[in-house]
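As structure tokens, the structure follows; a few thoughts come after it.
Chains: A, B, C and D, in written order; residue numbering restarts at 1 for each.
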Amino acid sequence: MRKSCGHYPVTRNIIISDSIIQLTFKADDISRSTVPGQFIQIRVSDNFIPLWPRPFSIYDVDTRKGEISIIFKVAGYGTGLLAGKKEGDTIQILGPLGNGFPIPSNDGGMVMAAGGTGMPPLFLLSKFAIENGVPSSSITFISGARTRTELFEPVELTELETDLNVCTDDGSAGEKGTVVDMLEKILENKSGFTIYACGPVGMLKKIDRLLLEKNIPGFLSLEELMPCGYGICSGCAVKVLPSPDRGETDDNRDYHLKRVCVEGPVFESGEVMWE
Amino acid sequence: MSVNLSIDINGLKFKNPVLTASGCFAYGEEASEVFDLSLLGGVVTKSLTYLPREGHPPPKVHETACGMLNAIGLSNVGIDLFLSEKLPFLAKYDTTCVVSIAGSKIDEYARLAERLAEEGDVDALEVNISCPNVDEGGLEFGAYPKPAGKVIVAVKNKFSRPVIAKLSPNVTDIVGIARSVVDSGAESISLINTLVGTAIDIKTRSFNLSNGFGGLSGPAIKPVALAMVYKVANAVDVPVIGLGGITTASDAIEFLLAGARAVQVGTACFFDPLAPVRIIDGISDYLKQNNFKDVNEIIGIVD
Amino acid sequence: MSVNLSIDINGLKFKNPVLTASGCFAYGEEASEVFDLSLLGGVVTKSLTYLPREGHPPPKVHETACGMLNAIGLSNVGIDLFLSEKLPFLAKYDTTCVVSIAGSKIDEYARLAERLAEEGDVDALEVNISCPNVDEGGLEFGAYPKPAGKVIVAVKNKFSRPVIAKLSPNVTDIVGIARSVVDSGAESISLINTLVGTAIDIKTRSFNLSNGFGGLSGPAIKPVALAMVYKVANAVDVPVIGLGGITTASDAIEFLLAGARAVQVGTACFFDPLAPVRIIDGISDYLKQNNFKDVNEIIGIVD
Amino acid sequence: MRKSCGHYPVTRNIIISDSIIQLTFKADDISRSTVPGQFIQIRVSDNFIPLWPRPFSIYDVDTRKGEISIIFKVAGYGTGLLAGKKEGDTIQILGPLGNGFPIPSNDGGMVMAAGGTGMPPLFLLSKFAIENGVPSSSITFISGARTRTELFEPVELTELETDLNVCTDDGSAGEKGTVVDMLEKILENKSGFTIYACGPVGMLKKIDRLLLEKNIPGFLSLEELMPCGYGICSGCAVKVLPSPDRGETDDNRDYHLKRVCVEGPVFESGEVMWE
């Protein structure tokens, strides 16, 4: 699959909250080839600090305008620089990258479990699903964060008209509770779902355990440090359980390594070996 | 005006002096989705061991000031899968194919060389001697002249096409090691591999890499690499291939001026996937602007 | 809550573990116009030779990616002027005074040690063994265990207070050299000195430094320094002083966690004159935030 | 002499021309202790690229407002970053540094020979001289550059009402000719001057030779790479001729080294050993 690499112009910088920014780029080629769950690598500086590009899920695509967007939290030095980019600046992007989410395999409905910065790919997945005929009402969307200011809840999400459930650990917005709490509650009442989750590793681990316990199918999108983002460095590798189903013989090793940037970022529930 | 970019390393031809470095380009498949590999002077594959290896557990990488540490630990597909899947893919491109080999025993190098000698698509071997020498208690083969030479002899016994010895910079006397591998039959030398380094997370008070130590690469190490390339190029009679922190055409030209006949691009491929291509173009522009007709004219002319 | 920052290096006391590095603070006079030297754990002076030296001609310095090259060439005022002007100035401050010495013959080290032994204001010597060993044909004293040890023996014969051996990182086996200087009587080891490096101006096609090669320092080399400090601290019984690229308190804490009992700030003093002071404060803050009462509690506890 | 080091706020960024910028900082302490010919070290980046601070002559001081100004040409990466600083940004400055010009020792008049970026310290020297009673008319000021766009000719300079002579190598502004040409012309007609020069090394070298030939006293302000700027690294050393007058015995060496940042940047004519 062809990957584009070049300098793309920023077309909009929208400040969603104190530390959450939405950036939009003019990138025809990337906008046309993206599937939900894929990401881009952005080189945030023209020098070597930071050295590596930073990975961001593609949050929205507008094929008509040839634009792609990301939403990100200012988490450190690189995202700090990125937050300062404005209309007209050009920036090196490589993408689209990664496997993306599989097309929903049943029509029992979808549950999106988004923790913090995990919202963007699940928004795009929901949008694609709806565009492909999945009724909005059959998508349950949980968006959670520790606190109100860290919540990713752009208007576009509300406009999708999914069954949207907002929660915060401290109750400062939406219901009080974690994404996992919300998911457990939802799973009590309904079944036949496929779960799609993206967020902090602690959350993913708990969700994975929950799904395995309840034998519910699901897909988890992981985050790792990514020196290259396109499979050439092996730096982003995570441990996965060898599975004969996936053609992985176990030849005496208790784990295999998979590159999050190529074989992921989306993994099937039960696949990842958590630390 | 057109300039000649092609170079010759003891009979081994490269259409231009820019190769991608071992471990920084996998086996070429992924990068082929970004640009046409036929533009490259050559590709050096990820170091192969006889059996597949997962390498060290995560975390395997850490960012440092203008550089990075890696403790990938030679994770690779092993010789069988390499020959059945990776080599045929690379062979489709019009670029010189250099296969990097590594081992923890001399016999492993020899067995790899033997298998690869049978493959016409393998233009040359690069022998990575920065691996812990299990035969002699864990010190790197590349740490001392004698074991380094022994590895090259074993490989040359099995492989008659050009063999490039890739040197480790973590040594007192790089020239001594260079002389030893040349005396042992290496047709070329490439340097440098990574510098040993580490980093500590002061919050958790543990090492940032699962393996504790890792290899430092990237722009930070360029001055060290350039000094070693200059010294070795001026001490041995075989062509030298320079690498270490090369990111721009200007960096590559520094190495050529210092005496490298070719260069390899490593870490830069991570953060700037088109770097190898821009470096080729940039060398060509430099030659034109300075009225050189042939890249060979600038090799080693620093004073 | 107050924390103890003072440390002890084989009887040599420092009010805190932050010293300034040799050659990066001159003799303290200039920096005293920027902050109060009594804040420092200690000052290590520019390496002294017996006679004054101008050092290499300009250009002597070059900027690199997150680092710099220097070929100052040990320019210094010589022992006489040091004793008559520089030492009395430093002695006015309430900080530990470490005098760095260098020589191209073993005898030069011995003569320097003898003169400095007479001065009560000299708390300790740091022996810079990264100089070309004229006695044995130009290789650095610090390149091999034996000549390194010989220098220390000669110095210890003349100087009974603590002697710190400062090691060069340009070696295959830093632990072997560390063991040799300890066996020869060094009370402490400091490391690392600069890495050998170079840079070329592609416009003029000549080296950027008059001397061709120089020493690489600054943030770029921190991972290499930290790895060597960890290895040496775990191999020898004397306290180790860590340096190489330390710019922030976080950097310094990494070295302490790796096993250094004190640190030195070098290149950072150039671009951030208050760095040593901020590092002292930052270490203190870190200890408080993590409920340590004494800096000695965190030394070597990385795992 | 006490040197200040701290983060000072930018109070104005004035774009003089395409590549020439004037920056003003609020820096009470530095403004009060500066003498003409001194400079400051500015750390242009909060990371390590570039590693070293950059040296700039102090162009103007306003002790009432507690401000200092510099004028600089965008010459590379560091000055490029500096050009982007705006009101409110704070930036690490060390200063004032260097020896500065000596107080004019005769009243035969002063000639300022400024090439390109050499103008700022000579402006301040002229201003101080005038404030100290030297008549404007007895100061001849040559400001030259290769071409119009590289000329440092701010209004403040015109307002000093010195005998101002502008020249460019290509004649695109002022008279056609170099600063050295202009100086030679002026020296033909008058004598008794002291010369103060700052500019590119080629210009200084020629002026130095001219002054020695004609036995005219003068002072030259040099530029060198400056890792520290305050005397601790020896990186900025230049070769000077050993002079018994200055107490330098020659002990068989054909040159001595002096640090431009401490023993300079101002050197007496005849002192520097040019390459």
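Heads up, the rule we're going with is that a residue touches a chain if its C-beta (ideal position, glycine included) is under 8 Å from a C-beta of that chain, and two chains touch if they have at least 3 such contacts.
All figures in this text were calculated on a predicted structure; none of them were measured in a lab.
Visitor: If you take the mean of the Cα atoms for each chain, which one ends up farthest from chain A?
Guide: D
Visitor: Identify the chain pair with more contacting C-beta pairs: C-D or A-C.
Guide: Top pair by contacting C-beta pairs is C-D.
Visitor: Based only on mean CA positions, could you tell me how far chain A sits from chain D in angstrom?
Guide: Centre-to-centre distance between chain A and chain D: 55 Å.
Visitor: Could you put a whole-Å number on the gap between the CA centroids of chain C and chain D?
Guide: The answer is 35 Å.
Visitor: Roughly how far is chain A from chain C, going centre to centre by Cα mean, in whole Å?
Guide: Comparing mean C-alpha positions, chain C is 48 Å from chain A.
Visitor: Report the inter-centroid distance (CA atoms only) between chain B and chain C in whole Å.
Guide: 34
Visitor: Hey, what residues on chain B touch two or more of the other chains?
Guide: 64-67, 218-220
Visitor: Which chain D residues sit where two or more other chains touch them?
Guide: Within chain D, the residues that touch at least two other chains are 48-49.
Visitor: When you draw the chains as points and link the ones that touch, which shape shows up: line, ring, star, complete, or other?
Guide: The chain contacts form a complete graph, every chain touching every other.
Visitor: If we count contacts the way the header does, which residues on chain C are in touch with chain B in the complex?
Guide: 64-67, 69, 143-144, 170-173, 195-200, 202, 205-207, 213-214, 216, 218-224, 226-227, 230, 245, 250, 253-254, 257-258, 286, 298, 301-303
Visitor: Give the list of chain D residues in touch with chain B in this complex.
Guide: So the residues of chain D in touch with chain B come to 48-49.
Visitor: Considering the complex alone, what residue numbers of chain C touch chain D?
Guide: For chain C paired with chain D, touching residues are 23-26, 29-31, 33-35, 54-55, 57-68, 70, 72, 75, 218-220, 247, 267, 269-274.
Visitor: Enumerate the contact residues on chain B facing chain D in the complex.
Guide: Those residues of chain B that touch chain D are 65-66.
Visitor: Which residues of chain D touch chain C in the complex?
Guide: Contact set of chain D toward chain C: 1-3, 5, 43, 48-53, 92, 94, 224-225, 227-228, 230-239, 253, 255-257, 262.
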